[in-house]
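Sharing a structure, written as structure tokens. Questions coming.
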Amino acid sequence: MLKIENLKAGVEQTKILNGINLTVNPGEVHAIMGPNGSGKSTLSSVIAGSEDYQIISGSVSFYGDDLLNLDPDERAHKGIFLSFQYPVEIPGISVSNFIKAAITEKRKKIGLKPISAKELLSQMREKMELLNIKTGYLSRNMNEGFSGGEKKRNEIFQMAMLEPKLAILDETDSGLDIDALKTVANGVNKLKNKENATIIITHYQRLLDYIIPDFVHVLHDGEIVKSGGKELAKELELKGYDWITKDAN
Amino acid sequence: MKKEELSEEELLDQVTSSEYKYGFTTNIETDKIPKGINEETIRLISSKKEEPKWMLDYRLNAFNIWQKMEEPDWANINYPKPNYQDIIYYAAPKQKQKLNSLDDLDPELKKTFDKLGISINEQKRLSGVAVDIVMDSVSVATSFKDKLAELGIIFCSISEAIKNHPHLVRKYLGTVVPVRDNFFSALNSAVFSDGSFCYIPKGVKCPMELSTYFRINEAGTGQFERTLLIADEKSYVSYLEGCTAPQRDENQLHAAIVELIALDNAEIKYSTVQNWYPGDKEGKGGVFNFVTKRGVCYKKSKISWTQVETGSAVTWKYPSCILKGDDSVGEFFSVAVTNNFQQADTGTKMIHLGKNSKSTIIAKGICAGKSNGSYRGLVQISKGAKNSRNFSQCDSLLMGDQCGSHTFPYIEVKNKSSKVEHEATTSKIGEDQLFYCNQRGIGTEEAIALIVNGYCKDVLSQLPMEFAVEAQKLLEISLEGSVG
Amino acid sequence: MGLLEGIKKYSKENPTITTQHKEAFSMFLELGFPTQNDEEWKYTSLKKIISKEYKIENKGEKIHENEIIESSLGLAEQIIFLNGELFKTPEISGVTVTKKTDKNPKYHDATTALNAAYAKNGYNIVVEKNTKIAEPLEILFLTKNSSNNFIQYNNSILLQENSSIKILENIKNLTQNLCFTNTVTEIKINHGGALELNKIQDHSDSQFLIDNTKVVQDNKSCSTINTILLGGTFTRNNLSFIQNGVHCESNMNGVTVLNNNEFGDHHTYIDHKNEQCESNELYKGVYAGKSNGVFNGKIMVRPGAQKINAFQANNNLLLSDDCSINSKPQLEIYADDVKCSHGCTIGQLDERALFYMRTRGISEKDARQILTFAFVAEALEKITVPSVYEKSKALVEAKLNITLSIEQ
């Protein structure tokens, strides 16, 4: 589904990604771990299409199509979803109106009729039940006054409504207590299926106790220096990152 | 490697240009008088309207006063002063008789209003909004007059009211905006053409929204409406005012007066969605809009002004409330969009005279292109207005770096028991907000519309439903790229 | 004979010397003293002040040593003017203090033009490159006259690259005869410089003041001006900051406590001409008796001045039915990537806070005193020179004490 070949990217004069190679197939869960500054968030931003970073060389293809040539909203229509590490506030727009706008745009682009209010509401109720979210949440303004946990849950709720093919969860566990973490993980697990894939970007192995990865990659200085199965995550938990980064150097 | 993206300028350009939908004219015969203004003109206008002598005297007195006044110069606006002798002060569509039903409306006129998308037809009739239509200077038709008459509500053109309800008009006309109040009020008092008159009797809650549409059709004319709305004790009325004008090269003048009187325990809700022609992208043409709108609140009464402004080349208007009675309430909610070369100097005045009076001001400005938007407000708390309260919030959203936004709030407080709070912020649409929306599949244009809507929500939610939808569409049109 | 006539008479007896001075005086004559028709003087009337008779730049009476000591804060380094004459200058290494002699005075309105034409005295301070002065400098203007007197000062301060200094300024009229002072101070802060200027204005009823202070800043400079206004029948402070460089910081803070028939007008102006700068403004006012306050804060952000953070807050407490406040916080913004906000509040002490304190055994009188002081404290705390802060705090507390007891 996703094929990243020798991707190099940076911001202004600084090179951050130094040749990423990664392949993700449908039905898989990949975890990308690494110390701070290794380039984890840059990778997710680059896949989503943030203009903050410049592509130096390399390619990213999604179902065989070149992704780097597309705008962020076009990438979203193709089925890419990014759960932000720091979701931004948009005052005055309720969660329900925002989701309605997103779904309306998506349907427009693929030639479907706009969704009826009734159908939308029932879909939203269904997902809210799935994710254990109370009513009343829908009328709150986007991320305005949300706690850390609520913001992350809002991200997963959007993911549930938009049904992406590839979901990138950027440090979804940061700032969450155990209960919030479990709820978020629960949601992600329920949405997983054979056709979609998930990339989890995380610093700690904690989240991976709840969302079991098929592959774990370690990012260091903008390159994937080691890959393995879920045991690798446990090894990192015990030993830290030093033993890998030393080897890489 | 990335595809050629529109630079921010280009995107902004697309997003802020707009096509004025209403730039067409109606083919209809008009009865005009020669250009220019002098005592003869005034007499001619009065006689064409078949007015009683007291009305003619009122006009002549106003004309004398106007001649001695000087046009004001102080707003933060540059405009070429209109040549008052180069304007036609009376133009009426030649229609034989006054209508009570919209079915009898001249089909040309009806087509005009259909084209304008103004639902004065079946749709509106079913939803029950009474409409008074003013074409150029003359009120053309009013719907639902009979139904309203049953309740004792008078809703008709002011010309009619002068003839049929002179005692009411004489009692209240000019009491809220006296002739001497300002340059444009004096001019209006001398040459006002027509407008709406409304009287709600004691204890009556008007069952439907009352609405007037003004349209300037004839070239070279000035539009001078005069509206007088009286809500007697314990009554309620919601009134909608909408306006449009065709595209023309020369500027058109619009100097109106609106007087609202809310007697004890009455409530008036006055909403305006204004889309005058803003001048083309180079700033030529467009409507000069100078309006004096004022309401007087008696004991325990309330007046709310809600407006959405997206048009007019030059706007100068300050809807105000004089909170005369104790426990009275004044509100002002506004969204003002300026684009291209528009200039707007708007705001409100809340004059607190009565004890425990309250006022709320929420003004949102959106500036794009090379426009300038100014908010000028006055909150005046007099010595006797004990325990009064004011809350003001003025926010500006700037799109692009060629526009400017200014706030000049004047706060004058003369007693110690009142509370005044004023806040103003300036912001722009954040890149991170746009990227977030993009990532959710919402294109940048749609994202801007969405964010702007959220920004204006506090104001838009004050509008009656039909207007809210129209206002939202209007906002989108003023800010989105020309729909291709 | 009013002040205008007095000035005209004085100019005949003392004609201007250079062409620049002559032009300045012509401008003053053309404009005349501002009236309430002038937007910038809408709430501030000079009529009564200028209708009185004044001697112009009078020599004055002898001021004794003990009077000087009583009037000053007693800082180690001082500049002292007695009746306009430069009496004492400090000995600080890296700082040069001379009498100001201006060849090319700048002016932009009537009162600054009058000052440009005829101000005889003033200080000129230059702080050398890379000199960071540890000792605060006290500047004191004392006058003692047997009749009403009109006096002008034209001052300038230059902070060269990477230098810094903290200053206290105070004007005192030692008699009951009126002293009307018109001051213009031009300050230039070069790259990396930092200035803190504290104006303690505990004016008596016989001290009238129009003060024009303008600060021009270069890259990476910082200026803070704190104005503590605690009396006076007429005080008008015009404060402007022009940010000519990037990464500039300008701070303006004020504490005003007035009662009886006192009057204070703070007009501030910040011109953000370049990007990446910030300004912070905090003015707190407490008004009682028949006093009047005016606040007009204008923030200008020019086109291209992106990434500006400009904050302004003006908060006021009115304690009597006869006092009033006129506030006009203005924003003029021409750039879009900026964070600008201003807020203005006028109100009363929080009744709940008062009640809370009383339930803890504090008397109502004391509670009001404490809360009112707390209200102004935020602005007062911007003074970083300990001795100046202590003195200001004492003066504010004393003034509040009197003010609040009158209103009880």
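Chains: A, B and C, in written order; residue numbering restarts at 1 for each.
One rule holds in what follows: a residue touches a chain if its C-beta (ideal position, glycine included) is under 8 Å from a C-beta of that chain, and two chains touch if they have at least 3 such contacts.
Just so you know, these numbers come straight off a predicted model, no measurement behind them.
Visitor: Counting only C-alpha atoms to place each centre, which chain is farthest from subunit A?
Guide: That would be chain C.
Visitor: For the chain pair with the highest number of C-beta contact pairs, give its two chain identifiers.
Guide: Top-ranked chain pair by contact count is B-C.
Visitor: Measuring centre to centre with CA averages, how many angstrom lie between subunit A and subunit C?
Guide: Here subunit A and subunit C have centroids separated by 56 Å.
Visitor: Counting in whole Å, what is the centre-to-centre distance of subunit A and subunit B, each centre being its mean C-alpha position?
Guide: 48
Visitor: How big is the gap, in whole Å, between where the Cα atoms of subunit B centre and where those of subunit C centre?
Guide: Whole-Å distance between the two chain centres: 44.
Visitor: Residues touching two or more other chains, restricted to subunit C: which are they?
Guide: Residues: none.
Visitor: In the complex, go through subunit A and note every residue touching subunit B.
Guide: 48-51, 55, 68-73, 75-77, 80-82, 84, 87-88, 90-93, 97-98, 101-102, 105-106, 109, 141-142, 158, 162
Visitor: Going by the contact rule at the top, pick out the subunit B residues touching subunit C in the complex.
Guide: 74, 383, 396, 398-428
Visitor: What does subunit B use to touch subunit A in their complex?
Guide: Residue list for subunit B touching subunit A: 1-3, 5, 430-433, 435-444, 446, 450-451, 453-458.
Visitor: For subunit C, which residues count as touching subunit B in their complex?
Guide: Contact set of subunit C toward subunit B: 39, 43, 303-304, 306, 316, 318-348.
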